[in-house]
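Following are the structures in question.
Here chain A shows up in two complexes: once beside chain B, once beside chain C.
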Partner chain A sequence: MKKIKNDITEESAQNAGAERFPRFDWNARLMALCIAFISLFGLLIVVRLPSPDMRALIITIGCAGSIYFCARLFPRFNIADPLTTALATFLGSFGALYQYSLTQTFGGMMQTFFYAVGLAVFCATSIVTRKWVLVPGKVEKNRLPLIGVSAAALALPMVMSSSRQWIYLGFGGLSIQPSELVKVAFIIILADILKDKKLRHPVMVSAFLIALFVGMVALQNDFGSALVYYAAAVALVFIAAPSLRTILLETGVSAALAFGAYNISDVIQKRFKIFTTSFTDFTKMEGQLSSSLMSLANGGVTGTGLGLGRSGTIPVYSTDFVFAVVCEEFGFVFGIVLLFMIFLLVWQMLRVAGRAGKRFHAMLAAGCAVVFGVQAFLIAGGVIKMIPLTGVTLPFISGGGSSLVSLMAMCGIVGGVSMADAAPRRARINDAGYTIDG
Partner chain B sequence: MPKELYEGVAVGMTYVFLALILMISVCAVRAFMSERASGGGSVTDATARPFFGLILVSGGDAASGTNGAAGTYYLAEDVTLGRSASCDIRIKHRDVPQQAARFIMEDGRLGCYPISPVQINGEEFKEPVFLEDGMALRYGKLKLTVKLPGSRGGQYEED
Partner chain C sequence: MKQAKVSIKLISAAMAGLFLCIAVFLPYQIFLNAGVWFANNSNPLVRYPGNVIYGDIVDANDILLAGTYNNSRSYIADEASRLSMAHVIGDANHTISGGVETTLSGYLLGFRTNAFKRLVQSFSGSPRQGDSIKLSLDIALNRCAASLFPKGKKGAIVILDYTTGEIRAMTDTPTFDLTHSASGLSVDAVVNRVTERLLPPGSVMKTVVYAAALQYLPHIEEETWTCIGNLPVESGTIVEAGGAAHGVVTLEQAYTVSCNVCFANLAMQLGWDKLIATAKQFGIGDELLTTDIRMATGGLIWLNKEDADKGRDEAFYRTLDGLAQTGIGQAKMLTTPMEMALIAAAIANGGVMMEPRLLTYVKEVGGGAVPIASTVLKRAVSAEVAAKLKAAMISAVADGTGKNAKVAGVTVGGKTGSAEWGEKPKENLTHSWFTGFIDDAAHPLAICVVVEEGGSGGDSAAVIARNALTEALRLGY
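Let's turn to the complex of A and B:
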């Protein structure tokens, strides 16, 4: 047996160690801090009323547990992107607790219920993505049924109910918004169409699909969602054919569409009018925006404290204007950090897309990232009166079950994509060849 | 809690929340920059990394159902090996310590930094050692053979 020559001296080992060995697991710290934040935040809600609020205690324990579950226990079965998981569960827990603290009724607990559903969907999609969506040919075979079901789901509220955006379920005043849920399917369908080299008229087919889905959402007077759909489509088309011609084409089409939509729809014109006259008319919609700005000013740098803001003065404080309410109660520095975390989430998703092995994978991850980014930009910009207000949800924080579930599903998709593309590191190789052991 | 007391606490807590969320975002940025995966497996850039070598795991006993650890694992520039979920190369076998060793590629040579004592070619090592192609690390019944590129005519090229 050959004697091993050990030529690493103690000094060189120390030099190597000083630089590399105390390597911290930042994800573990992130998880611990998130749990600490959620626990403290929940305890403050528990002690807010004269007698301890047991429902808040249950929600707090559940939310803190959800972060631990997703960051530590679930990866034993299926590994998703750790940073995406941590940020999504933290923001989701924060949203669930905050929605409860805004109303402190049974209705406020619905967000927690949908967060729990979202967690299940997150776990399911990250497995389904890896085992089914990313397997070549699986989506392709079921392309037509997928398009049919999605389009039918979008058409359902228009024929079923008067409000045109929601489907009211029979029990508990629950309603679901199909346009939020179909977002996920839309990204998968479009990515599948655009990756297909054999398709005879890929431009025509994808343009038809984009027009179909965006048009149906716009017909529901949900222009915010239509814009999100359109932005995702623009990103996917660009990834499918990255060239200067695509950029010029997309810019031209977008400008034409924006001009046309502004002239046709009186809803959009009204939004622009509100944007310009928010401080001259304090009734109705104009009052929303001015009271939102008043809230931001009232909060200042450090905020008024949990539950001490004037959230009641803003009409839709739990959904559209939740960012203003958060900024009022915790200060605008907190709001900026919250937006930064969403930004980091988007960046991480784009990075997953950037290192994906296949274009289809990249399109899935980038589509999800764009949906997050555009939604956060539209609503945060609208609330601080940077752009005209559109009614989309602030990812994870706004109340709204359908939105939360679809956002968690997108995080699951990104997790699945990141795992599929990291698989070679964990691959086992037989002498005969490669077998991926995910 | 009485209302006046709660108001004082809530205002004070905004600073705590602010500090905590700042710390969370700093941690998130550091996690983003370090790309270190927690909870098993390494979700790192697989395609961009050059190929460094392989570890062939053999042995284990079929009777206790632990021979599933046998297989081939990629070596990267800097990987940790062990039974713990936080290791880059995770070998689920009772004989492997939670944190077994760390492998670092330095100037084309593979340095092994044992975290737990390890038998290499029959010798017990606690201190760092350079590994060469064909050397075997032994943890109980498991044998971990190191395969480095160049020695076998480029047989183990990356896919």
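Let's turn to the complex of A and C:
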């Protein structure tokens, strides 16, 4: 491989590489596959629903279009890398379409609406990340205000409304779940503190913050989210101080927390009790869980078919138990494939983290990945009675508005990190004349 | 940053591990349990299956028990047969939760049909056709067994093949006519007394105590007890039926004559934990996974709603008196006739308990008949213990309380029981129990008979058992 002089521009390097390794080819294929699937799926909904209507058609076209445009624009304008974009838009589209097919009313379009908002948030967060968050020093200066605003946001629902997790906005039954939105800020703040070389004991300081945030979320009785916050924190600490001592410390603290939480909260005890009841005797099992298992059985390998599942009979079902409904209508094989797509996104985010040049970048990306992965695991495992049920959402697919927006924001952060780290790589292309896998 | 990369690799591995957990657990659970999860009467897909033609149900001799004509369910013409099979078959509206219409609905509704055939069916536009099923039940035997109950008494009979677990007859009374709706009927008429009725077993429990003694007390067969007709315990007294004093007895002799003193003593020697463990070995207090029937679970200390209201837990009942009484099958102990039949079946089968089943063949719409294999439920006891128990049970029928169960031409083994019940036991007739088997490889039948308030076990249930087994042999089983 000849060394080429430094004044070769990025474009010609790209072109040189294109002869041997055409860039974006895999990504183009993935994008085409995603668009094809979403279009077909959408058409299936349009045709198979009892009253085929234009709304479903519009949503389908919109979603397929969004995958195409995002896949083309985001890498082009350095917003996010192609795989993250493709997976996020694919999952978001599937979620929008599926939620519509479950409810078939105007309300079913809420998910589509939030998906559209989410895309804008994705884009915006990515740019904001690159221009502001990743710029050294910006987050550090604003640490205290960030922490203050986040804590206040977490405290709001506890004082404002009766159900301690949501703030009701009134129009159209909209509600915001601050604990979802604050997740993003939490990851940024924590990563910032942990990377700080000027602090003597970053882990100790972060421990205080972790306790504060996790505690506040737990006070909201949202133990699933608290667990997700804690998991992200554990991952970040592990990246910041990777040593056996950290592992032991984290294990110890986790065990103590688990023990304490179990003994203090009777909600958790009740959940465990429900979990340990019989696996097969429905008279001893709690109603929603037995419904969920029935759905899994009804679905079998190939599923009952779109719309032929009986999810319509149980309203709450389509939010918490969406995974069971998907398995019922399309079979457990499809359910596992869907989970695989989510974990593929997690994997990609961790790859971005692995390629990052700085610890701060790596921690941001890894924190987002862990949130996605742990959430998906918690809800899928709970619904199939593998672990006790927790009230978290299946990423993108059962997302309420806040969850969807915050997950998109996290995709944006990862996108921003991936693009920020891609720039030095492209500079290295110029230097060495090699192409590297995009 | 280098070390951070290692952390990230570990985190990636952890995430992959999380995914794999679910990807492995989910198919495994569905493979294992989907049949049971599907076939229950709260599943809307079972209650309102849409456009489907229910499959037929035929008995062991291909006699049609239930079929679908003109979109409604019709049953065998003979009323006595229909009454005898009401709880086994279940009603078309799934009011009866344990009937074959519900537990085998996967087949009857066509959900277990080959996916390809279903696809073809759905394209042809015709309503989905469910598979027909063939049961091991013999309706003639069932009808005869039902006729043996004394008028006005409630009771249950189950006869099964202990080498395969196939149920030949399962009937109880009171019952109802399947051609009428099951809604609005009393609990008594609707409950399946074989599998769901929990009763104190009385002396049939001694079989379990015997097994526990053989397992946990060395040299117990060489010991003797002196029975003087009663045994004072802490605050109560164990008495023999009719005040009989059995004198000096060995373990097997005590079992043959059903000596309460000996077995109460044994129970106290063994203690709660060993008794409970042995009972669990036999399935009492242990949830048994059966696909064709729904079984209630008995227990040595069976807590009911009243106990829950008054906050009483197991510890409250673990007294010495309770222990002695449990040894003779009283106190807080409850079992179902099916559980006792399975115990007799396990003992006759060398200690191996087969899963009780009704489904023998699935007749697919295309014409093929798929046989369904027998499965082993568990190994209840070792072969040596089973052999000793078998000998004791044969002795109990040959010389002991079970004399009335003797059947000409074969060796019958069994145990009688006369269970006291209720707040004031002395004022009621006891429940009459008999559970046993035919010790013959050509006629491997196990039986359990209960007549509620039927009096003594030897007088009522054993006679019914004799007649039922005679009929079974006559029919060729």
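The rule is simple: the second predicted complex is superposed on the first by the 380 of 438 C-alpha atoms of A that agree within 3 Å, B and C clash if a C-alpha of one lies under 4 Å from a C-alpha of the other, contacts with A are read in each partner's own complex, and residues count from 1 in each chain.
As a working rule, a contact is a pair of C-beta atoms (placed from the backbone, for glycine too) under 8 Å apart; a residue touches a chain by one contact, two chains touch by 3 or more.
All values reported here derive from a predicted model rather than from experimental measurement.
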Is A:A297 in contact with chain B, with chain C, with both, or with neither (first, second, both, neither)? second
Is A:A71 touching the first partner chain B, the second partner chain C, both, or neither of them? first
Which partner chains sit in contact with A:W347 here, chain B, chain C, both or neither? Use first/second/both/neither. both
So, A:R359: does it touch chain B (first), chain C (second), both, or neither? second
What is the contact status of A:F334 with respect to chain B (first) and chain C (second): first, second, both, or neither? first
Spot which of chain B and chain C makes contact with more residues of chain A, would you? B
Kindly classify A:I384 by the partners it touches after superposition: chain B alone (first), chain C alone (second), both, or neither? second
Output check: A:A86 vs chain B and chain C. Expected answer is one of first, second, both, neither. What do you get? first
Classify the contacts of A:W26 with the two partner chains as first (chain B alone), second (chain C alone), both, or neither. first
Between chain B (first) and chain C (second), which, if any, makes contact with A:A369: first, second, both or neither? second
Quick check on the output: what are the common chain A residues between the chain B footprint and the chain C footprint? 302, 304, 340, 347, 357
Touching residues (chain side chain A, partner chain B) in the complex: 1-2, 4-8, 10, 13, 16-17, 20-21, 23-31, 33-34, 36-37, 40-41, 44, 47-50, 71-72, 74-76, 79, 81-83, 86-87, 90, 302-308, 329-331, 333-334, 337-338, 340-341, 344, 347-348, 355, 357, 418-419, 421-430, 434, 437
Over in the complex, which chain A residues touch chain C? Could you list them? 235, 238-240, 242-243, 278-282, 290, 293-294, 296-298, 300-302, 304, 310, 313, 327, 332, 335-336, 339-340, 343, 346-347, 350-351, 353-354, 357-359, 362, 366, 369-370, 373-374, 377, 380-381, 384-386
As the complex stands, chain B meets chain A at residues 1-2, 6-7, 9-11, 13-18, 20-25, 27-32, 34, 36-49, 54, 71-74, 76, 78, 85-86, 88, 102, 104, 106, 111, 113, 120-123, 125, 127-130, 135, 156, 158-159
Would you tell me which residues of chain C are touching chain A in their complex? 1, 3-12, 15-16, 18-19, 21-23, 25-27, 29-30, 33-38, 40, 42-45, 111, 115, 287, 289
